[in-house]
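Chain naming follows the written order as A, B, C, D and E, and within any one chain the residues start at number 1.
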Amino acid sequence: MVDMGRIAVDEIKKNVACDIVRRTVPGVKDIPVECKKLIEEEKCDIVMALGMPGKETIDKQCAHEASTGIIIAQLMTNTHIIEVFVHEDEVASLKELAKLVEKRTREHALNAIDIILYPQRLSKMAGTGQRQGGEDRSMIKQNR
Amino acid sequence: MVDMGRIAVDEIKKNVACDIVRRTVPGVKDIPVECKKLIEEEKCDIVMALGMPGKETIDKQCAHEASTGIIIAQLMTNTHIIEVFVHEDEVASLKELAKLVEKRTREHALNAIDIILYPQRLSKMAGTGQRQGGEDRSMIKQNR
Amino acid sequence: MVDMGRIAVDEIKKNVACDIVRRTVPGVKDIPVECKKLIEEEKCDIVMALGMPGKETIDKQCAHEASTGIIIAQLMTNTHIIEVFVHEDEVASLKELAKLVEKRTREHALNAIDIILYPQRLSKMAGTGQRQGGEDRSMIKQNR
Amino acid sequence: MVDMGRIAVDEIKKNVACDIVRRTVPGVKDIPVECKKLIEEEKCDIVMALGMPGKETIDKQCAHEASTGIIIAQLMTNTHIIEVFVHEDEVASLKELAKLVEKRTREHALNAIDIILYPQRLSKMAGTGQRQGGEDRSMIKQNR
Amino acid sequence: MVDMGRIAVDEIKKNVACDIVRRTVPGVKDIPVECKKLIEEEKCDIVMALGMPGKETIDKQCAHEASTGIIIAQLMTNTHIIEVFVHEDEVASLKELAKLVEKRTREHALNAIDIILYPQRLSKMAGTGQRQGGEDRSMIKQNR
């Protein structure tokens, strides 16, 4: 419903110079093997897996199966695949959905860059309650 | 309940000249290994996995197990397997079911052709809300 | 509760001359690895996995875990394992259960024979609504 | 809550002379890899995986994940791992729980011995409704 | 919401002298492959996987997928990965949550040390009802 790939490419190009290979597959369950092919056949260093699973029970199950496959694909290749799934029922209106898709995709594009180029940036964020595409959360103050 | 394989073969033959190997297995859980054998022993470039899981809880679980296996088979072979499962309870009447099976099978046959021969066609579809065998959905207009 | 192995052996011997290796394991979750050993260590061409999972939630979960393992065992060996699980709560009485076990085991024994010796027989059945050990279903008539 | 390992070792030693390697891990999810290490690094012929998952939803999920891992570990090693999980909520009182743990562990210890030393003993039990640590069930009489 | 890595490092350094490699990833589903890379590329002898999954259904599913992946990563590497997940809804208040995170992380850091350096210490604990970061449970007295 939204061209998430275009948003991701835009955000990556704004931030780093790199080659980007883009593929589109019919459904979320076709994503895991395509990611693995991008890593092994196209020599990609990292992959973003973008999708918008529907709100029916069967859609959620497909997303679960795809997510499990994406994790196995990562383990088989020792390469990160950043899954960016936005579920239709995460927000109440289409307008909010469009905003969420945009925000989450851009934040995860930056995460993908950080994982391979600037891992130390991610370490600084640890435990600060960042959530991609939603409200950030407060740190819990610990009195010890 | 419907000979999905005949529909798929018909659609593929209408669109491309290629060799087709067809196999039938007793149940959905026999599908993953048969797909892998078609890829590794019959040297198929892509496989369509066609099935009509029943509406009972146990049928849905079998379909889930088969889907998970199909994803692993793809990861083990770096080859796409297009799963076309039509669940008996997706529509209200047998007449609608027959129409859905026909439509989804033909659309996925075209997807299978595109994945291996015309991947650029799929990229043009990205984010346009296409759903195989159901009503297409509108794109969300994004004002940025 | 029923010696399914005896029924399967009987049906196979009635139909083909072949060597049969039989193994019994304590529970359903011990089945996947035993099937894999039968294929790899005993050089079996096909395996029938027979079991009667109980009706409690935990029994159903064990059956799900076993089924998932059986699918992975097939993918690791490129060999079919015909799973014949009869769930205690599929029918209302013990008498019906015994009949169902008998019918499903015999039908699947024939399927196992067909898969390795007569795959063309299975193709003829495609889309005709056959269900192992239950009522067969009608084909949907398609007017196109 | 009960030292299941001590019970298992006691039952095995009563019945056969063999070397036993014992390992303790913090939680059920640490079990699969430890079993695999016992097989591959300590050259164990069979492993018993003993655990008492709690009664909360999260505990049941951990047990499910551990069971799935144990099945995969078996498939990767072609070696049996006898899972003996006793769920806290299987019985009503702590006293019954202690009895169940004792009974199931001892019965499974005998199963482990049978699998590697006396597989023919297990075959005799097939279809007789034996359940480890619970009431045995009657065979269904089949009139054919 | 809490910097669990800092707590783990602190507890480990208090108890043993060793090199520690720390990595931060965007979400729980990115954990399995990062653990595997730490083992295979950074030659870590053991890994602690720290995370705080949210309380929504989708968060719980992500945690389940991550846990499954962590178990597979362990099986692929024959190396322990100690998962320390604290679920937001395990306790009623943020204050209790902070205490639980602290307690569980420190206890599991000690477990990690024991697994690779002092496995005999863990064996002494077997069946004594220890739970990381919660109330310990009593042993069941067995009168036999």
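One rule holds for everything that comes next: a contact is a pair of C-beta atoms (placed from the backbone, for glycine too) under 8 Å apart; a residue touches a chain by one contact, two chains touch by 3 or more.
This one's a predicted model, so the numbers in the text were calculated from it and none came from an experiment.
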Interface composition of copies chain C and chain D: same or different, split at half: different
Distance from the mean Cα position of chain E to that of chain B, given in whole angstrom: 40
Interchain centroid distance [CA atoms averaged], chain A/chain E, Å: 25
Sequence positions of chain C contacting 2 or more other chains: 68, 72
Topology of the chain contact graph, where touching chains are joined (line, ring, star, complete, other): ring
Going round from chain C, first to chain D: chain order: C, D, E, A, B
Chain E partner contacts - residues on chain A that touch it in the complex: 64, 67-68, 70-72, 74-75, 78-83, 87, 90, 108, 111, 115, 119, 122-123, 125-129, 132, 137-142, 144
Sites on chain E touched by chain A in the complex: 1-6, 22-27, 29-30, 32-34, 36-37, 40-41, 58, 61-62, 65-66, 68-69, 72-73, 76, 94, 97-98, 101-102
